[in-house]
Amino acid sequence: MQTIPDKNSPDQIRNDALFLGKIPSSPHIEESISVPLLEIRDLTIHFIVHRRVTGPNVVVHAADKVSLFVKRGETLGLVGESGSGKTTVGRGALRLIEPTSGEVFLNGQNILKVHTRKLRDMRRKMQMVFQDPADSLNPRFTCRQTLVDALSHACYGSQDILRKALDLLESVGLNPSDLDKYPHQFSGGQQQRIAIARALAFTPELLILDEPTASLDVSVKTQVTQLLRELQKKFNLSFILISHDLSNVKYMTNRVAVMYLGQIIEIGNTSDIFSKPMHPYTRVLIDSVPVPDPDQKRKRASLIGEIPSATEPPAGCRFHTRCPIRFEICDQKEPHLAKLANGHMVACHLVNSSSE
Amino acid sequence: MRIIIYTLKRLLLLIPILLGISIITFAITHIIPGDPLYILLSPYAKEDDIQNARVELGLDKPLYVQYGIYLNDLVHGDLGYAYRTRKPVLDDIKQRFPATFELTTLSLFLAVIVGVPLGVQAAVHRDTWFDHLVRIVSVGGVSIPIFWTGVVLIYILYYKLKIAPPPMGRMGIMDTPPDTITGMYIMDSILTKNWVALKVSLKYIALPAITLSFAMLAPIMRITRNSMLEVLNSNFVRTARSLGLSKRTVIYNDALRNALLPVVTSIGQILGWSLGGEVLVEVVFSWPGLGYYAVNSILNTDYAPVQGFVLLTAMIYVLVNLAVDLLYTVIDPRITY
Amino acid sequence: MDQVYPLKRPSIWHVIKVFMRRYDFEIYLLRRNPVTLLGLGIIVLVTLIAIFAPILAPYDPLALTSADRLMGPSAVHWMGTDDYGRDILSRVIYATRLDMVIATSAVSMAMFIGVILGAVAGFFGGIIGEVIMRILDVIQAFPAFILAMALAVSLGSGKMTIIYVVAFIMVPIFARLMRSEILSARGRGYIEAAHCMGASEMEIIFKQLIPNCITPILVQFALSMSYAILDAAALSFIGLGIRPPEAEWGSMVNAGVGYITSGQLWLSVFPGLVMAIAILGFNLLADGMRDVLDPKLRS
Amino acid sequence: MSEPLLKVQDLKIHFSTFYGVAKAVDGISFEVQHGEALGLVGESGSGKSVTGMAILQLIQPPGKVVAGDIIFAGKSLVDYSEKEMQNVRGSKISMIFQNPRTCLNPVLTLGRQIDRVYLQHNNVTPAQASEHRLEMLSRVGIGDPIRFSNNYPHQVSGGMCQRAMIVMAIICEPQLVIADEPTTGLDVTIQRQIMELLAEMRERMNETQILITHDLGVVAETCHRIVVMYASRVMEVSPTRQLFNEPLHPYTIGLLNSIPRVDIDEQPTPLPGYVPNALNRPSGCPFHPRCSRAQERCQVEQPELVPVKDGRSAACFFVEK
């Protein structure tokens, strides 16, 4: 099933070198490469939840015409409330869910158009780290088995596997003595480190991090975040960080896309989004985060109501039912993403009308 | 309104199942090794008679045609002819059904009213001697073969203590049964105010009903206990307690109502399981119901009654399960259909 | 370089130790629960009786001695003799052998077929899965024992009939269990992670799914053994399956039923008792194993 | 200073599991004054939730309160019988849990669930109870209280379930409300709504609140005083402002430095190491394996919680008095 590892292939040499830290990878974003690492165009994912004999099926609009790109070495944050479709986009990019329509290019190659074997090869370049580390590790595999399994899929010969496994362990901050432990013998933070090590076995170019720290203890969260940042520098990785934890997103990302009910409503550089959010939803979202500073008693706008059902998204702007500043056009016409400076884009009539 | 549509939908979905059942019952007589005619006719029948009978019964036609004929007969209520009793099978079944129905419902009733409270108490007093006793009884109940329970009960209560009547059917030879209304002796005696008959029929049904309900009791007790334990550990019971609701309210209003949901679903299964036990109990106690009828027919190599019996029990079982499902959608507000 | 890593080549003992550590909690629970051990003890004992039946039985189970008819339990005949003067103890010992062979073969057969059908239905789904599930529905539309009766009628009596029939009615249980296990395991993160690793479907089934689904199947095996013994004996009890004079628990109880009303209890009671003990053994074991598997007990 | 509403004194709660005895709470003491909001902050396994349950005397086996006293309004709750405790729960002290959906009975309507709490503790007719319920529901910002009352928990969102829980907790106007992670698992926007609602209820109904959470942001915005717990023990007790401006205990300092913040551009520095397992706590100060200031003394001797200054106290040898 697998391609036989060629010890002298350029890929393999690069992998080995990265492992042993021989290639100093540049910490800043490589601007020279024009093609983005990952590009998603008009990705639409609908789930049929209930088939009806008469009338249309009940469909969840998990993602509607989502377009974004990730440059090499950067971190893109994908934020939104639960039910906003951020996780679905992450899975759709890996084709773990079959998208309804749209295109996903990895290094210029459309992942949605390739056949099974090629898909497997392409997936290895994009790994995923899941929210619940206990669930993402096979409970019957020791740490050793987990890593060996991954490394053999990454086409390492049996000679190198153990050495590589130990390297991986070291790079995520675990001891060789942890090799023969089962997942339930580790704490949550350690489990997540193993999951990260497993993903790194493929020397991937892109890691999709689906709430990687959500289930961890407060004091452990930052450890894992820090580890991810270090690994990003060391292996020149790109990240998509799916999270609802805005403080963490602010700390980790270069750019942020804000999603609401399956659509991107604002996207831009992290500093821009957090210093001058344009969309009313983004503003409320940032304002809602509790701040550990009792002296900051600023009056915050809070949002009325809850996120509507994704089976029947509101007409016009999807946010209009909760928007504090909506006007007539909002429930009729759907706003499109309008470009502002610095690649900042917003889908809001208020911004659109003033900029046009 | 929606529940009616749902019921209709479920009934439509029953059609393939019922067809499947009929195929299997049809197969009973058609996969018998050897020629079924040699069983039907006497071993001394002449070759001509056999040929005639073959044509007459349609056994010379291809299997699917025979199945079509069988299905057509079924739809018209013709279950065949019982050579042993020399009557149509349907008439025999009609005559014997009340005896079986009476025994089964009484046993199930007994098992539920004893099993559910015991299961609840066992869960509430977890790991006490009472809980252990309930667990022992429930493991014992599924381990002891039902026909053996019957035999031992007869020995103790009839032979040794002389409390129970002999295991010889629904009444003694000298007793007169009540006038037939429903065919169930207990019901009929009450309806005709025949208290003598009521006493006798209760006396005769007691032992088989206890035997059968002992086998049903075990799973009911066990499921009640386990689901009760689960509910007692749930967050909403903790909430109810944290709000100062009394222990009684918490156990009966919060816990039991939720714990009964799995019990209800399992009653259908228990009934299906006990229909097999029913046959054995009827044999042990010579109870003149459907199971006894079927077993006697088997021993006399008369297969049309067996076919009819299997078909009928399967259909009843399917309908009971449907009823349980419908009941479940009514009592559990979370189910949407 | 290699010496730096002490775990380069683990010894076989190390591997076993690591493997056992995976089950330390299960082993602890089994030890803590003496009732389960009792069940295990019963099963071992019954199996030994079945294997060494010819050595253990004091008499020929089929030898007729008209002079010794209907003798009560005594020092010569521990369990008495039956209406043909055969030694009941010897017959019970041989019956143990026959019934254990029937139950083990039937349940193994059901498990083998059921697990394959369930795995296919669970993993591939689609039309094949749908067809498999509908056929199982039809089988389960019958009360199990009634269906067994019907099948036994058409297949005729004999040991093989009982094995096939009991296996047949148990296939749906294993198939459904396997299917639901696979379906619940499929949604787990580690399966998705394996997809990300570019593992093939076959690898995922055999390396990830099946090892994680097998424990509930084993519990069901123990539980099904008790049902299989019950069903086999019940079939013989009503005159289908094993016919006299061959010794079988159910048919022996049946042979004694007629003598109960005259007080000759030993004909029925001993075969039934031994049978109940054997079934109890499997039930206790299954019970203990289920507790071990209950995830709620683990937290 | 007046008598505090609640006093927890040297409380110890042990859980006997098969791996050994887990000291879920190991000798903690704190006080709650009338009308204040006290934050009980700690990571998972620090014993904060168990403390909340212990105040209501709801510790279930295998857990057991092995030592200590809980004094509420001058009376020791530990001495109360089960019957007397029932009258306290829900009417004098009540509790709000996280994961509201699983905390509500799935087969009863929300209205019934609220009513029966009121009926249990007050001598009123069902009609009066339902009237009171409708009034309370509209007070917590539910637009259509009648329709809401007829819903089952699965028919409303998590945020709405939490509102129903809050109504159940405050309908008898208790003196003390313990909120155990009331906003965990909810979206930030809903989280803010619930936090505002709790703050509003405290002011309007003159409640005292204990807020149990792991989120330092939440306590910073809502609480007057904060108790920081780590590994079953109290590390520091401080008024909110002082705690955030000038944390005393190395754990508090480390924790505050380790969380990324949305409001300022400072880089967090993670705390090294892991939270110790409840069965295998380190000797001496439980924080010493992760502490940068730890010395030999910390490994053997367990520091007591001692007053420092301005009504603050800390359990560390190196905090200056």
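Note that the chains take the letters A, B, C and D in the order they are written out, and that residue 1 is the start of every chain.
Throughout what follows, contacts are C-beta pairs under 8 Å (C-beta built on N, C-alpha and C of every residue); 3 or more make two chains touch, one makes a residue touch a chain.
For clarity, every value in this text was computed on a predicted model and none was experimentally measured.
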>> Quick check on this structure: which chain has its C-alpha centroid closest to the centroid of all protein C-alpha atoms?
In response: C
> A-C versus B-C: which has more C-beta pairs touching?
Replying inline: B-C
>> From the centre of chain A, which other chain's Cα mean sits the farthest off?
In response: B
> Where the CA atoms of chain C average out and where those of chain D average out, how many Å apart are those spots?
Replying inline: 51
> What whole-Å value do you get for the distance between chain B and chain C if each is reduced to the mean of its CA atoms?
Replying inline: 24
>> What's the distance between the Cα centroids of chain A and chain C, rounded to whole Å?
In response: 49
> Using CA atom averages as chain centres, what separation in Å is found between chain A and chain B?
Replying inline: 57
> Got the chain B residues that touch at least 2 other chains?
Replying inline: none
> chain D: which residues touch two or more other chains?
Replying inline: none
> Which residue numbers or ranges of chain C touch two or more of the other chains?
Replying inline: none
> In the complex of these two chains, what residues of chain C are touching chain B?
Replying inline: 134-135, 137-138, 141-151, 153-156, 226, 230-231, 233-234, 237-240, 250, 253-254, 256-257, 260-263, 265, 268-269, 272-273, 275-276, 279-280, 283-284, 287, 296
>> Touching residues of chain D toward chain A in the complex: what are they?
In response: 43-45, 157, 159-160, 187-193, 195-196, 214-221, 240-241, 244-245, 254-256, 258-263, 267-272, 274-275, 277, 290
> Can you name the residues of chain D that touch chain B in the complex?
Replying inline: 56, 58, 82, 85-91, 94-95, 97, 99, 102-108, 116-117, 120-121, 152, 154, 165, 168-169
>> For a test of understanding, state which residues of chain C touch chain A in their complex under the given definition.
In response: 1, 5-8, 10, 14, 18, 21-22, 188-190, 192-193, 195-200, 203, 207-208, 211-212
>> Which residues of chain B touch chain D once you look at their complex with the stated criterion?
In response: 234-236, 238-247, 249, 253-254, 257-258, 261, 331-334
